[in-house]
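The following pair of complexes shares a single chain, chain A, combined with chain B in the former and chain C in the latter.
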Partner chain A sequence: MGEYKFSKENLGKVLEALKDYKVYAPQKKADVVRFQELSDPSEITLEFTNTNVPPKEIMFPQTETLFRFKVGGQDIEPRVPEPTDKMLVFGLRPCDARAYSIVDKLWQWDFIDPYVKNRRESSTIVGFACSEPCANCFCTSLGGGPADEENLDAILFDLGEVFYLKTITEKGDEFVQKCGEALESAGDVERKNAQAQGKEAIEKIRRSIEVEGISEKLPGLFNDAIWKEFSSRCLGCGICTYLCPTCHCFDIQDETEALDGRRARMWDTCMFAEYTLHASGHNPRPTRAERTRNRISHKYSYFPEKFGVVACVGCGRCINFCPVNIDILDILGKVKEA
Partner chain B sequence: MVNQEELRNKAKEVLEREDVRRLIGWKRGTYGFEAAPCVIEKPEEAVNLIFDPTCVQNSASFIVLEEKLPVPRGQEPDTRKIAVMVKGCDSRAIVQHIVEKAYDRDDIVILGIPCTGVLDRRKAEKVFGIIEKPAEASTEGDKVIVKVGNEQKEFERSEILMDKCLRCRHPNPVISDILLGEEVEKWADDDFSDVQEFESKSPKDKWSFWEEQFSKCIRCYACRNVCPMCYCIDCVVTKLRPQWTRRSTDISENTVYHIQRAWHLAGRCIECMECERVCPMNIPIMTLNRKMTLEVKQMFDYEPGLDVEAKPLLASYNPQDPEEYIM
Partner chain C sequence: MDEGNPYLPYTVRIEETRYETPGDRCIKTFIVNFTDEKVWETWEHKPGQCAMVGRLGVGESMFCISSSPTEEGYLRFSVMKMGKVTSALHELDAGDFMTVRGPLGNWFPLDEWEGKNIITIGGGIGQAPLRPVINYIRANRDRYGELTVIYGSRTSKDLCFKDELESFMTEDGLKCHLSVDVEEEGWPHFVGFVPTLLMEVAPSPENAIAVTCGPPIMIKFVIQNLEKLGFAPEQIYTTLENRMKCGIGKCGRCNVGHLYVCKDGPVFSYSTLKDIPEAFA
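So, the complex of A and B:
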């Protein structure tokens, strides 16, 4: 573990020096903050609480070509990313990093997904501690925290004048070697400031839920009236799931243009009717009530039952972006009461 | 502004009627600057209803969002009415629904509420940030008062209301069975300067603008689902056989989606701006709709959602209709 600091003006220099990596960093374009490949270090923004689109899109892009083929032919041309491409995810919030580790359990379960796995293994994750959590953040209820170091290779703190950078793993140390001369070693002052900031940030988290017991309770509420109560105002759109850092469902489709074809996978969502639509026309989840129930139950019951961890990190995106105020903490509160 | 007690009492009365099965209104949200739309069935639930400038959602959307499953053999479908509280723009959606025969006038009970404008959460969040408690709001003359906890702030309309409210042509419900509160005086007019401003750009600039906007679309379809006029049972963009639009997201498919959406609203959009409000990617969707609105107005002198006796624009024909766009 090493401790470093660099002045704010030197952020560009640090990023500039990282030539060995394909760097992904938060950028604000057309009023939206999301992680994209950083071609110009000046385009990075660290002024955000949570990005609009979660960084799951780096590991699991919304649309991805799995392989290409010729119509009528037998051969396929796979598009699996090379594990040797070194990726650096810079500025990831601890909750989003936690989401990576949660969904990894699925990506590496009965079938090892080479697309996600190769990206995950070739990535170095530099976290960015939160100093100002948003009003709907509740990461501390799910075992995370604004300055949680778990799942990160290094963590960055914004201490006003300077950034404090602490390495956590060997990969993190390797990254620091590449950062160039702008880095200076940090000492007690910075460490103490960072620790204080982390503590303060925890106190700034205003919403919470006692998760214990929910997982066991949900199966018994399969036919409960709460699902209808919440879903009666649900629009059935994909906001809550597409913008969720742990939602990972996808659809696979073949697309052809003349004789050139590709098999692609793209994000799918259990909030759409087509998600469970059978070829016969029957839909086992015929209304938004069953779909809402599935969204909550998958996160808080099915996933923990299978993998031992709740598939929610408390990032607050589904609450912030829902146009009709379907608030997951409200639902979970009702589940506990029921 | 409508008296909340009166509103709840009337709603309760309506729900007690034997011929009404549910009521659509708003209740206080769990946080922030927007209320939660709600669908209630029991008269005693009426105590939770509110109306103030946080009631942004178009209530008419929830009439067509109701899911009707096939009725089991031997049972009769519930044909009782739906009661719905509406602002001016919401009421226009209902008129357009009736024009399009989405349902009959007799199927609904309309509780009209004169509206003094609704909050734009994006504008409010720029001032207050995202707040963890629900805000309250009211209007007094030209001022909008927003109360966040113990803090109270006064704003000019343009600082805090949604853009649609700054050019609102119909603040009073255009149709209602029961009117709650006094009718309000119109405070604005619409000169379509926003459309003209965009029109003045060069085609190249226009395209680079939309290219950037459409590229970021994640196709969550919130804009379609929230739209009161998007109520097809099988939407063309999600149809699987044949598949007209691919599910993959890229500039081409996203553009197809947005253009298609805008065209399907020609002569139908009632300008509630819900599509733009709900967009998590901040795409200015109304810019497209407004262009269609102006076009329809200029070419056919048609404004949807005002007269239940009107014919749908695309189902009517007048020998005098301009036809310069026909090759």
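So, the complex of A and C:
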């Protein structure tokens, strides 16, 4: 573990030095902060609470070509990313980094998904501790925290005048080696300030849920009225799942243009009717009540039963962006009462 | 399946096709072989397993492999014309190419069933996943007890694998009971629904395994009747199906409760399914 600091004006210099990496960092485009490949270090912004779109899209793009082919032919040209391309995800929040390790369990379950695996293995993850959690953050209820180090190679703190950078893994140390001369070593002062900031941030978190017992309780509520109650105002837009850092469902579609064809996968959501619609017309989840039940049960019961961890990191996005204010914590509260 | 990339399909050449049933929703059987014969060196499937079958440029859907591994040198799929992919597959004939990605999913535990009497209870296209079970037992006749085939459909025209059913009628070591839903001129067998035929045949649950596949409503009543006959949930097996895209437990959609039909299934014992309310949704 190493401790470093650099002045805020040197952020660009640090990023400039990272030529060996393909850097993904938060950038403000059209008033929205989103993770994108950083071509110009001055484009980075670290002035944000969290990005609307989670950085899951770096490992699992919204649309991704699985392979290409020629129309009428039978030859297949795989499009798996090379595992040797070094990727650096810089400035993601600890909750989103935790989400990577949760969904890894699915990507590596029995059949390994080479597309996600190669990116994950090639990537160095530099987290960015939260000093101002959002109104609906509840990461501390799920074992995370504003300065949680799980699944990070290094973590960055904004201490006002300077950034404090702490390495956690060997990959993190390797990253620091590449950062150049702008880095200075940090000491007790910065460490104490960072720790104090982390503690303060925890105290600023206003929302919570006692997760214990929910997983066991959900299967018994399969036919309960709460699903209809909570889904009656749902528009079925799917934003709760598209912007969820642990939602991983996808569709696979073939697309052709003239003689070029590709098979691609794209994000999909259990909140859409088509998701489970059989060719016969039968739909095992015909209304939003069953789909809402699946969304909540998958996160808090099915996934934990299969992979031993709740598939939610408490980032609050599904609450923040629901156009009709459906609140997962209200639903979970009702599950506990039922 | 490609070792490093489970999304890449094999190419197969269609050797032979035949129609099992007529009509708008006709069922066509494809007998196929890998264009790269070397695939057979690593390909190993068991009765009950599935594969994603498709056409490049159209897509893939999940089908059971309706041939038993004891039928060597080819794979069989029986496809009902229903949606986009199945309609595109129906356009294909001998000499054309399809893609196959598999084998996927689990299988009927035929090794555990050695020495037992096996009863298969099928309805309509539900006979397709039972066909490899029946043919596997026929090819390993001395390892199993009595084999009873119960199979029905709406009309006699809707029965799949008719040529084989006919030979079953006179085959030693196999009892075959057929039914159609409504009376039909010249039909010598049972008239009525499959669950009713099951009660007529009334197989003994002693040292027996019952496997049922068919429309969900049929499965529901077959299971009820098997329980009436004294079969324990552990003696009853069925297969489930749901919409699928990846077939390898990633894309999400085929789950019933915490189980993925594509990966944890499609074969399930009723002892597992009875506690999963979504299993028969």
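Note that in this section the second predicted complex is superposed on the first by the 338 of 338 C-alpha atoms of A that agree within 3 Å, B and C clash if a C-alpha of one lies under 4 Å from a C-alpha of the other, contacts with A are read in each partner's own complex, and residues count from 1 in each chain.
Here is the rule we go by: a contact is a pair of C-beta atoms (placed from the backbone, for glycine too) under 8 Å apart; a residue touches a chain by one contact, two chains touch by 3 or more.
In this text the structure is predicted, and so the values were computed from the model without any measurement.
Because the two structures share chain A, they can be overlaid on it, and in that overlay chain B and chain C fit beside each other without clashing. Applying the stated contact rule after C-alpha superposition, one finds that A:Leu235 touches chain B and leaves chain C untouched. Of the two partner chains, chain B is the only one that A:Pro323 touches; chain C does not reach it.
Legend: residue contacts after superposition of the two complexes on their common chain; A:Asn52 is shown touching chain B, with no touch to chain C. Within the superposed three-chain model, A:Glu257 lies out of touch with both chain B and chain C [touch as defined at top]. One geometric descriptor of the composite model is the angle centred on chain A: between the Cα centres of chain B and chain C it reads 90 degrees, in steps of 10.
When the two structures are aligned on the shared chain, A:Ala135 is found in touch with chain B, with no touch to chain C. In the superposition on chain A, A:Asp188 makes contact with neither chain B nor chain C.
No C-alpha atom of chain B lies closer than 7 Å to one of chain C in the superposed arrangement. Overlap of the chain B and chain C contact sets on chain A: residues 251, 253.
Within the complex formed with chain C, the residues of chain A that make contact are 66-67, 69, 71, 73-74, 76, 78, 80, 106-107, 109-114, 219, 222-223, 248-254, 256, 261, 263, 265, 268, 270, 275-280, 284-285, 290, 294, 297-298, 301-303, 305-306.
Within the complex, the chain A residues that touch chain B are 29-32, 34, 49, 52-53, 62-63, 134-136, 206-207, 232-233, 235-239, 242-243, 251, 253, 255, 264, 266-267, 269, 272, 274, 286-288, 319-321, 323-327, 329-330.
By the touch criterion stated above, chain C contacts chain A in their complex at residues 4-9, 11, 35, 56-61, 82-84, 86, 97, 99, 241-243, 245-246, 248-253, 255-258, 263, 277-278, 281. Of all residues in chain B, only 29-32, 34-39, 57, 61-62, 65, 67, 69, 129-132, 212-213, 216, 218-222, 224-226, 238, 240, 246-250, 274, 277-278, 280-282 touch chain A in the complex they form.
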